[in-house]
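Here come two complexes built around chain A, the first alongside chain B, the second alongside chain C.
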Partner chain A sequence: MEKVKQQGLSILFQVGGLILALLFVTLILVVIDTNPLDVFRLIWEGATGSMTRITNIFVVWAPLVLVTCGLLVTFTAGLWNIGIEGQITLGAIFATGIIRMFLDTSVPPAFVILISIMGGMVGGAIWAALPGILKTYGGVNEIFGGLGLNFIATALNIGLIFGAWSRPGVASMSGTEPFPPAYALPTLPSYNLSWYSIILAVISLVIIFFLLQGTHLGLRLKAIGKRMKSAYRLGIPTRKYMMLSFIICGLFAGLTGALQVVAVYHRLIPSISSGYGYLGLMIAMLINYQAIWIAPIALFFAALNISGIQLPIVLKLDSSLTGVLQGSLVLFILLMQGVKQRVLGKK
Partner chain B sequence: MSGEMILLGLAGIIEAGAPILIAAIGETLSERAGVTNLSLNGLIILSGMMGFWAALTTDSIVLGFLAGMLVGALVAAIVAFSSITLKQSQVAVGFILAITCADLAYFLGNPIMGAQAPIMFASPIPLLRDIPIIGTLFFQHSVMTYFSLVLIGLSWFWISKTRPGLMLRGIGEQPAAAYVRGANVIRLRYIYTILGGALVGLAGPLYTLSVKAGWKGTITGLDGIGWIVLAITIFGGWDPIRVAFGAYLFAFLQWLGLILQSTLTFIPSQVLQVAPFPLMILALLFVNLGNTEWVERILARLPDKLRIQIKKIIRATQSRPPAALGTPFEKE
Partner chain C sequence: MNIGFDQINKHFGDVHANADITLSIRGGMIYGILGENGAGKSTLMKILSGFIQPDSGEIQLDDNPVSIANPADAIKFGIGMLHQDPLDFPPMQVIENFILGQEGGLTLSYKDTLKEFEDLQKQFGFSLDPKAYVDSLTVGERQQLEILRLLWLGARVLILDEPTTGISAQQKAKLFSALKFLAEQGKTIIFVSHKLEDVEDLCHKVAILRKGQLVGEVESPYDTDHLVEMMFGKQIKVGTPETVAKEQINFEIMDLVVEKYPLRIGPVDFQLRKGEVVGLAGMEGSGQDLLLRACVGLLRPVAGCVIVNREDLTNKTYLEFMEKGVSYLPASRLEEGLVPGLTLTEHFTVTTDRKNKLFIDKPHFHKKTKEKIEEYRIIGRPSTPVESLSGGNQQRAALSLLKDSLSVILLEHPTRGLDMESAIYMWNKLKERCKQGASIFFISADLDEILNYSDRILVFFSGKVSSPLEASKTSLEQLGQLIGGKGWDGMESTKVAYGKS
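Take a look at the complex of A and B:
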C-alpha cells in the first residue's frame, strides 16, 4: 500500500514537471506573439498527420533507442559519455569508408553492408575508448575529453565530405555521392523506414535490459557507479570496467552511425549524428537511467523531432523549438524530482 | 614581421581574449564556491543573442551588456537552485541547460539573424595611449577589454587577499568548517554562482557586439566557446592569474591559426577551426597527469633526488579542484 502511494506521488510530481515545461514553452510563444494553440496543434498533426510521418518517427526512434541503450551502460558505471556524438559520427565514417572500398568489386552488397555495420561499431568503440583512456590513465574528465573529440569528429567528417570523399564535380553540404541502391538496407515500400533498424533497436533493448538487471557485469558496473572506493576494495578492477563500459557504449553509438548511413541517408552527410547522442543523454536523464522506459520516451522524443520539421514551413518558426520543449521537459522533471525529495524529506 | 605588427598582434590577443577571460573568471568564482556551472556553452550563446537583441531594439550597447548579464545571472540561478537547494546533480542540470539555452537562442534569435546592431568601438585612453609600446598594448581598447584587465587583478586580490575571499575559499574547500566559523554557506554559494553567471553573461554580448559582431544563428561562431572556458578554468587551476594566462594562450593560438590559415591554404578551414579542441584535451592532460596513479608509481621508483625535482615541477603545473566542488552542503 505504502509503495503504491509512493509511486502515485512520483507520477504526480512528474506530471507537475510536464505541466511546468508546457507552461514555460507557452510563455515563450506568447512573448514572441505566436498563438501557442496553433503550435501545439501543429506539433500533434506534424507527428500523426500521415503514414509517412508516422514511419519517419520510427526512423528517428531506432537511433535514439540505440544510443540510449549504450548510454545506460556508461551511466551505470557513473560515467558521462558526452562524447557519444563523435562516436556516432565515427561509426558513420567507418561504415562509409568500408562501403567505398568495396563499391567496384564483386563482393556481394549484402555482405558489404554487414561488414560496414560491424566496421562502424568498431569505429564507435575506438572513439569511445579515447575518452576512456584519457580518463583512466590521464586524469582528464570524460566530459571534456568527449566534447573535444566530438568537435574533432565533426571536423574529420566535414573534411572527408569536402576533401578525400567529395562528390565528383562539386563538394557540397549535401554530402558524399549516394551509394547505389544495392548497398542500402531495404526499406518499407515507398517509405524511408528500414525494418532492420527497428529489429536491431529492439534486440538492443532486450540485451541492455538483461545486461544491467541480471548479469555479473551489470552488477559490477553498478558497484563502480555507486561508490568507486568500495568497488575497488571488493577487488573489482575499476579501470578495466570503466574502459569496458565506454567500449560497449561506443559499439552502440557506432552501430547507430553505421545505420544512419546504410539505412537512412545512403551517404555521409555533415550532420550525420543529427544530435541524437545529446538527445539520448537527455532521455537517459529523463527516465532516471531505467532501461524499461527507453522505448516509450524515445518514441515521444522522436515524434517531437518529426513534428518540429513542420514548424518553419507552416508557422515560420525555427524548428529548434522542439529542442527547447525537450530540454525544458527534462529540466523541469528533474527539478520536480528534487522538490519531491525536499518535500518528503527523503534522500 | 615588423615590431609594429607584433605589437598590434599582441594588442589584438588582449582584445580577442577578453570575453573568454571574463567568462573564465566568472566560472572560477562559481567553482571556488563549490558550484560547477556546466551550462556555459548554452549560456554564452543565449546571452550573446539576447545582448544583441537588446542592443538592436534599444540602440544601446550598455543595455545589451546588461541583458547578457541578466541572462547569465538567471541561468546561474537555476543551476544554484537545483544544486544547492534541491541537491540535484550539477552535471545533469548544467548539461541540460547547455543544450537547451542554445536551442532557445536559435529559436528566439531566428527573426533577428543578420540584423545590424550597434557595435562597440575602441575608446583609447588619452595621454596613456601615447606611451610607446604600453600604450598600443593596453590603452587603445574597448571599455570591456579594460574591464577584463582590471578583473584579473581584482578577482585575484579578492580571492587571495581579503577576508570575504578567505571565506569563499573556505566554502569551496571545507564548507563544514567555514559554516562553524560563521559563514552562511548556502547564501554565499548562491551569491557567487549568480555573480559568476552574470560575468559569464558578459562574454556573449562581448562577442556579438564587438569581437565577432553580429548574430547569425547557428553559424555565429559561439558554439564551443563555453566548453573552452570551462577547460581554461581547470587549466588555470582556479586561480585568476593562471586563468588569465590560459585565456591569452588560447587567444594567441587562435590568432596563430588565422595566420596559418592564410598562408597554408591547403589545410581546410574546418580543420583549423577545431584546432582548439585537441589543444584543450592536451592542456587538461598536462595539468592532470601528475595526479594519476601510474605516474605516482613510476615516480616512486626513481632515485630520491630526481623524484623531488620532478614532484616540484608537477606541483607547479598540476591543478587541483576545490575539495567540495560539486558536492551539496548539509548542515549537520
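Take a look at the complex of A and C:
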C-alpha cells in the first residue's frame, strides 16, 4: 500500500514539473507579446501535421535513443560522460573516412556501409576511452576531460570539412561532397527515415535493458555508481569497469554518429552531432536513468525538435523556443524531485 | 565566563551520546574532558559550540540560560572551538584567513588588521608569517593561527578538541604556555583529550565521560590509575580465550613503515600465526588504521614487506590481496563496506565467484541469500536494501559476504555500535573462522573487547607501536595507561623477533 502511495506521489510531482515548465514557457511568450495558445497549437501541428513530419520525428528519435542507451551505462557507473558529443562526432568522422577510402573501389557498397558503421563505433569508443583514461589513471574529472575533447572533436571535424576532405572547388559549411546514393542506407520511399536506424535503436534498447537489469556487468556498474569505495572493497575492479562503461557508451555514440552520416546526411557536416548528445544527457536525467522510459521520452523530445521548425515561418519566433521548453522541462522536473524529497524527508 | 551544562541529552539513532550531563565550569580555569573514543566528549563540545543541538537540557553562560543555534551564535557569546582538524582555508594566506570571520564592514582594513595580528601573536610568543600560505603551515602552526583568530573575534571561552595530536613537543609546550597565560587572564579553557599525560600536566580539574555518561570530576593532582579506571571501567572477563594450534605463520610484516601525514609508523616486524587473533589497541588516529590498511594493499607502505602465506605481496593492490585470501572489513559500513542502494541479494551477486557469467542466475542468488540470511540470522529479506538494515544486521551482512576460505581477516571496530548480543555473535562467527585456519587482525577502541578476544595485543600511541603483549598477562589498567601514553619506557618495538619459528 505504502509503495503504491509513494509511486502515486512520484507521478504527481512529475506532472507538477511538466505543468510548471509549460507555465514558464507561457510566461516567456506573454512577455514577448505572443499568444501562447497559437504557439502550442503550432508546436502540435509542427509535430503531427503531416506524414513527413511524423517520419522526421523518428529520424531524430533513433539517434536520441542510441545516445541515451549509451549514457545510461556511464550514468549507472556514476559517471557523467559529457564528452558524448565528441564521441558522436568521431563516429561520424570514422564512418565518413571509411566510405571515402572505398568510394572508387569495387567493394560492394552494402559491405562498405557495414564496415563504416563498425568503424564509427570504434571511433566513438576510442574518443570515450580518452576521458576514461584521464579519469581512472590521471584523476581528471570526466566532465572536464569530456568537455575538452568535445572542442577538439569539433575542431577536427571542421578541419576535415574545410581541409583534407573539402569539396572540390570550394569548401563550404554545407559539408563534404555527398556520397553517391549507393552508399546510403535505404529510406522509406519519399521520406528521410531509414528503417535500419529504427531497428538498430530498438535492438539497442533491448540490449541496454537486459544489460542493466539482468547481467553481472550491469549490477557491478550499479554498485560502482552507488558507492565506489564499497564496490572496490567487495572485490570489483572499479577502474576496469569504469573504463568499460566509457567504451560501451562510446560504441553507442559512435554508432549514432555513423548513422547520421550513412542514414541521414550522406556526408560529413559541421554540426553532425546535432546536439543529440546533450539532449540525451537531459533525457537520461529526466527518466532518472531507467531504461524502460527511454523510448517514450526520446519520442517526446524528438517531436519537440521537429515541431519547432514551423515557428519562425508563421510566428517569426526562433525555432530554439522548443529547446527552451525541453530545457525548462528537465529543470522543473528535477526541481520537483528535490521538492518531493524535502516534503517526504520532513515527515 | 562560567559555563553550565544542565542535564544535556543527545541521541544519535540508538546511541545515547550524552546522557543527562550536568557540569559547571568556572572562568579562569583549564578544564579537562577525558574519555575514550565515543565517550561523548566531542558531542558535548559540539553542543556548546552550536554545531549540534541537544535533544533536551540547557546551557548556561554566567548563570543565564542561552540557546546556541549555530557556530556564529557561539562566537557571539564568546565561545570559540578549535577543531581536531583545523577548519581553515588552505589556499589562502595566514592574514586572509585571519580576516575572514570579521564582522561587518564592506572593505577590509588590511593594514590595521595586520598590526593587530602581530601584536596579538607577540603576546603568545608565536611567530607566524602573515604572508605565508596556510597550506605551508604545520598542524601546530595552524592551531596557533586558529587560536589567534578566535581570540581576535572575541572568544572568552576556548574549546580545544584533541589539540596535541600531530604536533611536535615544542609546539605542545608553546600551546600549553599560551593556554596557561589565557587562563590567568580569566579566559575559560576546555581541553578535550584522551591523553592522560596532557590532561595531568595542564588541567586544574577534569571531568571523565564514559559511554555518554559523566563518570565523575577529579581535581589536580591526579592519580593515574584512578583516571584509567574511570575512563575504561572495571575489567570484566568473559570466558577465557581459546587456544587453537598456532604454529604456522599465515601473515607476516617485515620492517614495515607506513606514513600518512602527520603520522609515521614503524618499522614494524610482526608475524600472525594461523588461527591467532591479534588486537590493535590505541586511540583513534594513533596509526593502527594505517597499519591495517597497509596490510591489505589499501595504503602503499613507505618501506618493508607484507607477506601472505610465504608470498610477497608488497605493493600489490587490494584486489590481489583478496585473491590470496586476505579480507578486510572497514569500520564505516555504508561508506566502504556495503553499497547503499543495493539489496542483500545484489550484494551476494556482486561478490560471487562466478565472475565470467554474463546473465545473473536470479533464482540461484535468491536461494543463496536466503541461506546466508538464515545462517547469519540477519533480520531482513533478500530484497531489503542494506541501508535499511540496523547496524548490527549490516555488520552480520558484511561478515556473511566474506569468502569461505580465508587466511587473514582484518577488521576495524568489528562490534562498534552493536548491542551485546550482536557483538557476541560476531565474535563466535569470527572464532569459527579461526578454527578453520584464518588469522584475525582487528582494531578496537573497546579495551574489554581487545583483552577478551585477542591472543596478543599491539598498542599504538601517536604512531608508536608496542612490542606484542600476551593478552592473558595484560591487565586493563596496564593497557589503559599505554593507550594514554604512559609506561612506554622500553615498550616501543621497532624490531621484535617474536615467536619466530
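Keep in mind that, in the parts below, the second predicted complex is superposed on the first by the 345 of 347 C-alpha atoms of A that agree within 3 Å, B and C clash if a C-alpha of one lies under 4 Å from a C-alpha of the other, contacts with A are read in each partner's own complex, and residues count from 1 in each chain.
Assume a contact is a pair of C-beta atoms (placed from the backbone, for glycine too) under 8 Å apart; a residue touches a chain by one contact, two chains touch by 3 or more.
Here the structure is a predicted model, which is why all the values come from computation and not from measurement.
Trainee: Using the superposition on chain A described above, determine whether A:Ile117 touches chain B (first), chain C (second), both, or neither.
Mentor: neither
Trainee: Could you say whether A:Leu134 touches chain B, chain C, both of them, or neither, answering first, second, both or neither?
Mentor: first
Trainee: A:Val324 contacts which: chain B (first), chain C (second), both, neither?
Mentor: first
Trainee: State whether A:Leu244 touches chain B only (first), chain C only (second), both chains, or neither.
Mentor: neither
Trainee: A:Ile287 contacts which: chain B (first), chain C (second), both, neither?
Mentor: After superposing on A, A:Ile287 lies clear of both chain B and chain C.
Trainee: Tell me which of chain B and chain C touches more residues of chain A.
Mentor: Per-residue touch count on chain A favours B.
Trainee: Which holds for A:Val67: it touches chain B only (first), chain C only (second), both, or neither?
Mentor: After superposing on A, A:Val67 lies clear of both chain B and chain C.
Trainee: Mind working out whether A:Gln341 is in touch with chain B, chain C, both or neither, as first, second, both or neither?
Mentor: first
Trainee: Determine where on chain A the residues touched by chain B overlap those touched by chain C, and list them.
Mentor: none
Trainee: In the complex, go through chain A and note every residue touching chain C.
Mentor: 210, 214-217, 219-220, 222-223, 226-227, 229-237
Trainee: What residues of chain C sit close enough to touch chain A in their complex?
Mentor: 318-319, 322, 328, 330, 334-342, 346-347, 349-352, 354-355, 357-360, 362, 401
Trainee: Could you please specify the touching residues of chain A with respect to chain B in the complex?
Mentor: For this pair, the touching residues of chain A are 28, 32, 80, 82, 134, 137-141, 143-145, 147-149, 151-152, 154-155, 158-159, 162-163, 278, 281-282, 285, 317-318, 320-321, 323-324, 326-328, 330-331, 334-335, 337-339, 341-342.
Trainee: How about chain B: which of its residues touch chain A in the complex?
Mentor: 38, 78, 81-82, 85-88, 91-93, 95-97, 99-100, 103-104, 106-108, 110, 217, 224, 227, 230-231, 234, 268, 270-271, 273-274, 277-278, 280-281, 284-285, 288-289, 291-292, 294
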